[in-house]
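Once you scroll down, you'll see the structures, which are given as structure tokens.
Next, two complexes with subunit A in common: one pairs it with subunit B, the other with subunit C.
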Partner chain A sequence: MSAQIVAFGLLGGLVLYSAWRVATAPLITHAALFLALTLVGVAGFFFMLQAEFLAVVQILVYVGAVMTVIIFAIMLSTPALIRSGERPTLIQQILSPRYGAIPLLVGVAVTLLLLLAYGTVSWDQVPLTFHPSSQFPGGSTAQGTTGLIGEALLTRYIVPFEVVSLLLLAAMVGAIVLAVEGSRGKEDEARD
Partner chain B sequence: MLPLWLQWVLWGILKAVLVLLFVTVNAIILIWLERKVSGHIQNRIGPLRVGGPAGVLQSFADIIKLLAKEDFFPKRGDPWVWWLAPSVAFAPALMVFFVLPIGPHLVVQDMNVGLLFIVAITSFSVLSVFMAGWGSNDKYSLIGAMRAGAQLFSYELPMVLALVAVTLATGTLNISEIVARQQGMWLIFPQFLAFLVFYIGAIAELNRTPFDLGEAESELVAGYHTEYSGIRWAMFMLGEYTNLLTSSILVSLVFLGGWSGPLLPGWVWVLIKAYLLIFVAMWIRWTLPRVRIDQLMDLGWKFLLPLSLLNIALTGVYMAVMA
Partner chain C sequence: MTDVPVEAYLVVAVLLFGLGLFTALRRTNAIMILMGIELMLNAVNLNLVAFSRYLPAGLVDGQVFAVFVITLAAAEAAIGLGIVLMLARKRQSVDVSDFTELKG
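Showing the complex of A and B:
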């Protein structure tokens, strides 16, 4: 039992609990906040794996962008609809199939699948330490991951990278078109 | 000899306490400074006469008052969310200090992606604003939270893009490295557009007066912290002043050459530059009136965002030509 294992266990417990609460919280606002906690916990795993860049980007993208959009969607909804949530007790939640049995089944299935997939990874290569200077199997140090990721994205993975950027551009143009058409409709109504 | 993990934990606690002390002392100084600056600029009689020698005792009287005040919880609020909101507001403000170097080697954890870390951590502020607005179950709080959220979201984007140009120019995300690259010339000269966008964005992120629509006391009582009182309200304020300090230190490190300066030790130079920027922010606050929400959005999306994109393009072209 080392400190890393304890930290991993605590973080894992936090992520699992909050992920479970995302699905079972009766209020959508609470679900959103637990989702934020889950995503921050996952960023914590990335920190433990010495993937600083990935951890920071995880927080930036999921807490900074995705959560903000979710929160805006909630705040723009009718408050009365959001607040009128029935609150089943904890025991009821675990016993009901929707909150207890089905998620359990799906969770076990996914875990088994992941374990099968990870069976091919040799675990001694995964660094679970707090020392930022230790060597990675590839010969690079943790210090250089940002540069390595950037290089890989612009050389080996250039095609997927560009495809994703095209997809994002298309989404942006689509959003603008939808917004412009919506506001045009309003103007016409105002004129009538 | 203590076991290794215990040493690690104790060192962590010691560093956290030191950071907390630094932040609190600076916040007390900033509140005193804000009173004095506002008093002189707007010719207010109170801040110029009250509070013992040079008004220093006023801040301490305030602290005692805030600690002694009743901790009021709104009747139909959301307890957990309401209780946690001040912590979610204050903790990120503190966490930023762990990667922010105050002087050469004077940093808790010199992180390689420090600049990105700061940007990521400050994005928690939207969450705290939302939690406060929602947890209070009050129309003023919720409207204030929505406004503040929209504002934070709109100004985060140009600020990050301004920093992208800085990263392009210096080739690193490590803040100490960025300071080291400015030995020949401060980055404010080649990256003036980035400085302009970042500084305006930083003032807007701080919810300070030309951009304080989130609290707008003449329309919304106090915005998202209407229902907070005593020590919880103080935590919001402390977070706000800490953010003012951190963003000023960050600007002085990234654009004003950090700890480079003659005679005095490095950390003194950082603080001098940071306090100069803080004074300018206060000057702006007590001089300009509040903007309207559409003006605020226009400034963010139609002026700062294109300007920061243009700056990235210009920097990229310059780098390509010089390389």
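Showing the complex of A and C:
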């Protein structure tokens, strides 16, 4: 067993266990923290796949920014949910049809369908060219894949790149508008 | 040196996607549904990056796609959670089963 396989097993266990806890944790704050753990595990997979730039971006954007926003939203919106109280056990939750059994059935069905689809592929005919880590772009040079990604973004992918920046700008303006409207609504209610 | 085959990454990504779908379907809290969507987007990213590892030398197209997915996920989280906060302020609830005005 090589170190790669051991690392893969550990990361896979970490990612899948914490994703399971996201799905089942009774407290929403615990689910949020397990989501952060899942995202860190996926960043570890990116490191194993020699995508250092993406791994760092994953930690910066997801674990840094998105998780902060999610935790803020939890604290601002549902303070009552953070406190623990009487909650149904996992078995009771699974047995309730709409919030346990049917989602579980759909999730398992989709997973099995995708796994079966992978099972029908004859992998030896898929044109995957594997490069040993030492020959992989960035594996031997100091710049890593960051330079290659930057080059691709500003040459072949320049149009999608600009469209995404426009979308990000629109999302930012939209979020500000939502926040301003929300606080104005509160003032109106106070005046009434 | 034996490396982990691409199929192993695909299987982990499928299981992660299934768990994200399960989360999004079974939770009624709007924030939890968004967290399930984030899990599914991460599963997709894992697939893209795993296949990108097998491209000819010098190509990183899969990783570029993953960059776009991460950007879209960040925008979606900002807007989605903004809407959730506004709902919480106006209706004192973030439970999606409380918002059924459009139900036919």
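In this section, the second predicted complex is superposed on the first by the 122 of 192 C-alpha atoms of A that agree within 3 Å, B and C clash if a C-alpha of one lies under 4 Å from a C-alpha of the other, contacts with A are read in each partner's own complex, and residues count from 1 in each chain.
We take it that a contact is a pair of C-beta atoms (placed from the backbone, for glycine too) under 8 Å apart; a residue touches a chain by one contact, two chains touch by 3 or more.
Quick caveat, the model's predicted, so the values are computed rather than measured.
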| query | Can A:V22 be said to touch subunit B (first), subunit C (second), both, or neither? | reply | second
| Does subunit B (first) or subunit C (second) touch A:F53, or do both, or does neither? | both
| query | More residues of subunit A are touched by which chain, subunit B or subunit C? | reply | C
| Which superposed partner A:I158 touches (first subunit B, second subunit C, both, neither) | neither
| Touch check for A:G64: first (subunit B), second (subunit C), both, or neither? | first
| message | If we overlay the two complexes on their shared chain A, which of subunit B and subunit C does A:L33 touch? Say first, second, both or neither. | response | first
| message | Just checking: does A:G107 make contact with subunit B only, subunit C only, both, or neither of them? Give me first, second, both or neither. | response | second
| request: Classify the contacts of A:S2 with the two partner chains as first (subunit B alone), second (subunit C alone), both, or neither. | output: both
| message | For A:M75, using the defined touch cut-off, is the partner it touches subunit B, subunit C, both, or neither? Pick first, second, both or neither. | response | first
| Both subunit B and subunit C touch subunit A; at which residues? | 2, 53, 57, 65, 72, 76, 130
| field | Residues of subunit B defined as touching subunit A within the complex | value | 4-5, 8, 78, 81, 111-113, 116-117, 119-121, 123-124, 126-127, 130-131, 133-134, 142, 145-146, 149-150, 153, 156, 173
| message | Quick check on the complex: what are the subunit A residues that touch subunit B? | response | 2-3, 6, 27, 29-30, 33, 36, 52-53, 56-57, 59-60, 63-65, 67-68, 71-72, 75-76, 79, 130, 142-143, 146
| message | Can you tell me which positions in subunit C touch subunit A when the two form their complex? | response | 1-4, 6-12, 14-23, 25-29, 31-32, 34-36, 38-39, 42, 45-46, 49-61, 63-64, 66-68, 70-79, 81-90, 94
| note | Touching subunit C in the complex, subunit A uses residues 2, 4-5, 8, 12, 15-16, 19-20, 22-23, 28, 31-32, 35, 38-39, 42, 45-46, 48-51, 53-54, 57-58, 61-62, 65-66, 69-70, 72-74, 76-78, 81, 93, 99-100, 102-104, 106-108, 110-111, 114-115, 118, 123, 128-133, 135-137, 145, 148-149, 152-153, 157, 160, 164, 167-168, 171-172, 174-175, 178-179, 181-182, 185-186
